[in-house]
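Two complexes, one shared chain (subunit A), two partners (subunit B, subunit C).
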Partner chain A sequence: MSNYSVIGKPIQRIDGYEKVTGAAKFTTDIRLSGMLWGKMLRSPHPHAKILNIDTSKAKKLPGVKAVITSADTLHIKYSNWRRYPHLMDETPLAEDKVRYIGEPVAAVAAIDEDIAEEALGLIEVDYEVLPAVFDPLEAIKDGAPQIHEGPTVKNNISEARHFEFGDVDEAFKKCDRVREDTFYLHPVSHAFLEPTNSVASWDLNGRLTIWTSTQTPYFIQTLLAMVLGIKEGNIRVIKPHVGGGFGGKMELFSDQYCAARLSMLTGKPVKIELDREEVFIATRRRHPMYYTLKTGYMKDGTLVAKEAKVYTDGGAYNAMGPTSLYLSGFFQIFPYTIPNYRYDGFHIYTNKNPSSAMRGFGGPQAEFTCDSQIDMIADDLGMDPAEIRLKNGMKPGHVIPGLAKVGSCGFEECVKKAMESTKWKEKKGKLPMGRGIGMGCYGFMSGGVFNWIDSPYAYSAAYIRMNVDCTVDVYIGSAEIGQGSDTVAAQIAAEVLGVPMEDVKVIRGDTDSCPPDLGAWGSRQTLMTGNAVKMAAEEIKKQLIEVTASLMVPNVVYDFDIKDGRVFIKDRPERGIELAEVVKTAVRAREGQALFGRGIYTPHGKGMVSPAYSFGAQVAEVEVDLETGKVNMIQVTTAHDCGQVINKLGVEGQLEGAFVMGQGYALSENLITDEGKVLNPSLIDYKLMRAPDIPDNFTSLMVETHEPEGPFGAKEAGEGLTNPNAGCIANTIFDAVGVRIKDMPITPEKILKALDEKKKKEGK
Partner chain B sequence: MRDFEYIAPKTVKETLDVLDEYQEDCKIIAGGQSLLNILKQGLMAPEYIIDIKNLEELNYIKFDEKDGLKIGATTTHRSVEFSDTIKEHYNVLSEMERHLATVQIRNWGTIGGNLCIADPTGDVAPPLLAMDATVIIANKDGEREVTVLDFGVDYYETVVGPNELLTEIRVPVIPSNTGIAYLKYRIVEGDAPIVGAAVAFTLNEKGACKKARIGMGGVAPIPIRAEKAEKMFEGEKITDTLIEEAAKVASEETTPIPDIVASAEYKKRVIGVYVKRAAKLALTRAEKAAN
Partner chain C sequence: MKKILNVTINGTPYEIAIKPKTTLVEVLRNELNLTGTKRSCNAGGCSSCSVLVDGKVVNSCSVLALQVDGKEVTTIEGIADGAKLHPLQQAFLEHGAYQCGYCTPGMIIAGKALLDENPNPTKQEVKEAIAGNLCRCTGYVRIVDAILATAKKLQEEAK
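Let's look at the complex of A and B:
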């Protein structure tokens, strides 16, 4: 089973050398001759009518080549929601109204950055400022300012999600105990290191090439075609190396549109690069949510019924919000079995920059609340928090009525392994005041079954060409954005075709040469693109085995395998032929055609969410400074079930990176706004964790299961890992100092205040 | 950022002439670590930028047993951090520098620039306050010596006039039997502190406190000393109880400005904790020096 040559091994990233030495080219490195610089004029108001825009002075400024406003667009509303048009609510440039500070109103192309900047100052926009609303609980009230007009939006609720199974009300009645808690989850920024940026170039043949920092080249291609009114085939999207996305680069953005439109108008390449402040104020963020959880349980710790109600601060546009909302409700019942569940989620418009997909896609909010509450339940019952998790944990084959079928599931083993590795039993409840150990758990999707973009293509596809020297070219449309997916694709091809890693070349990030793929979101590429690559490689493998069979004429025709450069009879491995011989013969036999394989993957019969689910358990230890409330992370152990590990180094990197991101979410990051204005739009004031802040010790444990739906049995290892961190840290803090913070982020000041209150209570 | 004219004088004299000529229309740039941010945010739009980074005349660290330490204004954080002279005689400055911002910023940023930007949370001022340091400010007509205590005027404002240049930082010789410590509080490493406390104790031959100095950052519009708390130590045997009490008084001497990271009450409370911790460490060091 695990007799693989490259699968499951710690393989160096195929882009490692380039990235470490700085040779790797990112979009920001692209400079074309005659290139113009574009800049965006942004709204200074959270909510205002646009009465008039006068661009005449800007156009007259020497060096300015074009100025555009919504008048220069086709007025098409767009977003990833092509299949559900009522959710498409954005236009490339504000039409008659602006809805958040930073919303693009106009764009300029000029011969240099300074002139473009100066030109922005010459555009005169007459606004009529409208009353604005910033809190979703205010926005749903009757009489609140209406941010969007239209029949489908009432009280600023753009979408409501409801699901229910079992008999929730009856089940609550039968419970020994019921507890209800409310939580608040704050907004955070993706804070990817490479700002959103693009270079677009329109050519004399009426074709557009755009280099852009994106997670979804195909979405950009198809949506740009729609808003520009040109054919998809006439748009070439090139995705160079990407400096992080985390969900914040999976949609078409105004700056991409404007670069393209300005290039079409000027006939010159146009570069638009957001600065850090623009990234903070005008790109996406993670959804703030008000979360109410009611859970009924028995004295023995069995969870019986749950009701969740969520009001989410969607910001000014839907973006990927409806999916975050849906998935938050869905992951609320992971990884614990709940037979009776009701979810009501509301996506509410506010006058802030749009919330959207961000690593975990609604999961971090769900898991923080779910896992905080399960610890409180354990505390109620005097149970070990690990025991209650094991008692209610999902098992392989679990069915969530109407929503999902879980295939492989190593949850129980994850919890046990994490406990054992951290000496949980010896430490839990026995550490001195100020020091604590706690647990957080999760399950996550390996790619979404969703096709909001309405792509008629397969979800993932791959072409593979094998050359006569046994080198292999893998063409994929998936997006490497730092997570290591290109390396995984190369490993899969290398394993199937029995060639070394260095002989596999991955050609990607170019819609002209690569097949469409839905891209990097929802932890889908290892499973979906991986399956497509495997299918394509197997098609070549089949051809090679046919040729070998005709050369060797063995007893049983197809009982061959390829490994380490040889094609051989499975049961008699000593009998075989060098792969290079076979490939040459095969090419000759096919009148000189290179060997070619094609693969696709689209999930079938896998429920409403995902073809497969990862699982995991995390245990952390912290020290809390009792005088300041500051939390110091001592160690973190995560046991993750990603099915068959494809790249051990990749999984480790993701586990550690995800924790650091979750640590920032839990403890320090916060995109603070006042009246819709972001108060900390810089990396100085927005508190990301840095190298010295991360835990002293990381332990990554991999629990291997075999997922029938995944390539070689693999599942996701990208996002699920972000979901347990905040809950785990909250539980650990509770163990350390006995205070429970339900209002994120868990700042030292909140801890100290809670400690004061606790002392006061105990003093009485 | 608005366009400006860039001037790079070759000598201190030339710099002072240029400053005198342009006055309010110009701004000095040293390492640029703070100024560039301010320009980028459009908070300031000088017509002339006077670059003093290459004034080798102001890049030095000198020490003698009589006058003590002299640091030229354009000496980088990194040079202070690594200077053997400083490690030997003023190790608290080296410790302070090692945890100031990041290596990249320490390589560019200057000690003079740090004082002149007058960010109340800056790391440099509190230990200097604890050591009774002074600075030399020059203009075309001459120079004056000002204590670090009197240097700050208000939030991001100092006594340095538009035609003036800070040229040198002076720290007196540290008396024997002295222990000094600087500790700061921050949520994320590599960040500027939220609050910081520097404590210096000089012990007499009986082991009691001869002199106490407490410098605090981030707890008022300018770096300040906790003078009431200092007095509580002088002449007394320093005990944990005394430290606790004095730390409370020090905390009461502050008037912190709330911001998005922390409330005023929280800063007030945490400075008490840090004065206490720095005092304990300073005491240990002083006792060690006395033995």
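Let's look at the complex of A and C:
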């Protein structure tokens, strides 16, 4: 066991006191003197030409300070795809046409919320309604309405992804058996509790400050600068506490732009807070996908070849869709080794709100289909599905040709631990009708290598200042959004510098004082920001050791270390100096300058996806009510390999939260639309899991490996855990009642219908 | 036309002039800057805005402020005893029963209402008591644990 002081311990989070007392400030809590309230006018049509917008009546309403339309913008197309301009397809406000219900058309700033709302009703927009298309399989047909024009879009396909390795066609010929299954994955909403919202304030020096609920302060700064036509350095993005993001707050949105633009026009701070209906209809959602999976295998369960074809419902704009599409194809071959693989994915525009990144980033769709099919293969062969998983599971050092190299990998141990803990062998296939046990597995990236935003900066950076009283200030640009990343950063600094957690302060969420960082997405903060923090802390550690060496003048063969407030000779731990003494001497020796360290991290030579991969296995038990079709979760066990655990309390919390989110994905959540209109845009009608729905028992098992690329050997624990849940639950339901649902979500109605069909087939 | 609201919030009496349609959550957040009470769905669907009115838990987005005239309201800011955290707050810290923290004030209020009425709840009773409170981060596991642990602690202290 490693001898750490704070790493790996169940540490209380550094933002706890604020959060349990209600003192924590979120963007929704920001009120500025003289602040105006902004509101967005949205399209009522899924597809329509804008013939004319008349804002004159709205502007005359007393209390209204400004009204903007696309005429007040620079008409710049933007998105996170700065490096790939052909994918940048959004404008701050609709230009010549609208492409989904809820698309922003105009915005108003007024002295109070009611007046702003009233003004929206006075804006007259003449639309010419166009034929619309809502299903990606319809949208790709010749003659379908064309949602975007432009040389790179044909049949509404904005991006196609293809990868292939091995000799797929030949390999299929050699397989004992081949099976092909089709699946449908439905759209779900991030449903973060803090609505998308911002307060922007333009000052007389020509600088803009925006408080906003975001996962990516740097993206907001960069893209706002681009669409407003001002310098990045003149924009200060402040990210207060964020009430959840899950991928739904990692892009620049129209309301952020409008708050800024309205503030520039009025000279007053402007607040725009989306109401819950707007959050549901006009922010992002997880991609619906039509998935066809063909897999060839041998009688002994060896997987030989796989072909996946995906048509994804991208909604009206690309958003992060091309990456979700890419990663869905990539994670389709996780965590099992497939020597021959072909993937074709198509990102298709439809007249619905844009699909984008959501926790798992294409992974939940991939693992649901992959793991459902693994169980079907096991059923075909009369094998234990866990054995197939073990037989084909990835191992350390696994190479995916042209795409990735896996470093540490505890997959096998995860499966074994989960089986042992749940008495798998005793239960699988042996439980009474209505009760079942099932497994789902996953692997996930520990930070993406993607730089769509075209940042010239390091992916992550940290500055650390050590003060004369041994307090440590850590400046990071990464985004704490509830996942506990600030605490992880503080732990890493505390461990390296040998100070207690309470002496570390994390200064974050402010582009004026913190270094740029690509933000919270792709499960990147522990590994990438963590490495930057470690490097910065080690730079200070080096300085402290130099001073100690000059004070103690030991034999040069000795090395020093710092731990628990002392600097000492590693091989002679009794010989050392108090850290406080060393720090004071160091500061004095440097003419009073505080100690300063800088750290950066950018992945180099790590393949096309990630520097490292997490792995895991999950086993669930359910009871299915044969009369109502309701699925009751009894227990869930997840064994997760996140390398060296940094904060046990944090990892367990992520495992539990991710499962329940996945449970909702599998069983109840569904953003239902009809002709492009969302039918359930409220937290009452959109069915999230509630406390009585969760499993009675949760077990989290840590499988610790050492990841050479991670700080102290750590990997991700935020997103990968979302990937196995739906497949695991589907497999569990199959074990319980013998029906296989491939069309998500797995509602009681579908289970009952399948049970009826099964009975008819069996002639009962 | 504004109306006068007289209400005691966290032990302090207030006299406030408000529009009649103003909801309690709007008074708390916009008039009194008690922003610990969160607004999320504004339709009674998530209970992020839970407060106690005369000891009973209510969604403050679904109550007109004038309906609490003459009553006592307790918000998350009034739960601790000065700098000393309420045992529920302490338990939420120790169990890691929060992540983003947006539902946390409402959860603690719901937990307090439960324990005030039923000091020794079962796990199922705790789950039912917070059934109206949505949390998108934690999966509720640690929230339930924290409330149960507080009940146990308070029972032991009472002995």
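The working rule: the second predicted complex is superposed on the first by the 760 of 764 C-alpha atoms of A that agree within 3 Å, B and C clash if a C-alpha of one lies under 4 Å from a C-alpha of the other, contacts with A are read in each partner's own complex, and residues count from 1 in each chain.
Convention: a residue touches a chain if its C-beta (ideal position, glycine included) is under 8 Å from a C-beta of that chain, and two chains touch if they have at least 3 such contacts.
Quick caveat: nothing in here was measured; it's all calculated off a predicted structure.
Contacts of A:690 after superposition: both subunit B and subunit C are touched. In the superposed model, A:554 lies in contact with neither subunit B nor subunit C.
Legend: residue contacts after superposition of the two complexes on their common chain; A:166 is shown touching neither subunit B nor subunit C.
In the overlay built on the shared chain, the residue A:241 is in contact with subunit C alone; subunit B does not reach it.
In the superposed model, A:680 makes contact with subunit B only, not with subunit C. In the superposition on chain A, contact of A:607 is made with neither subunit B nor subunit C. Residue by residue along subunit A, subunit B and subunit C are tallied for touches, and C comes out ahead. In the superposed model, A:630 makes contact with subunit B only, not with subunit C. In the superposition on chain A, contact is made by A:29 with subunit C only, not with subunit B.
Overlap of the subunit B and subunit C interfaces on subunit A comprises residues 684, 688-692. For subunit A in complex with subunit C, the touching residues are 10, 12-13, 15-26, 28-29, 31, 190-195, 241-244, 246, 275-276, 481-484, 649-650, 652-653, 656-661, 682-684, 688-692, 694, 696, 698.
Subunit B meets subunit A in the complex at residues 3, 37, 185, 187-192, 260-263, 266, 269-270, 273. For subunit A in complex with subunit B, the residues that touch the partner chain are 114, 627-628, 630, 667-668, 672, 679-680, 684-685, 687-693, 747-749, 752. Across the complex, subunit C meets subunit A through its residues 29-30, 33-46, 48, 75-77, 79-80, 85, 89, 92-94, 96, 98-105, 108, 123-124, 126-128, 130-144.
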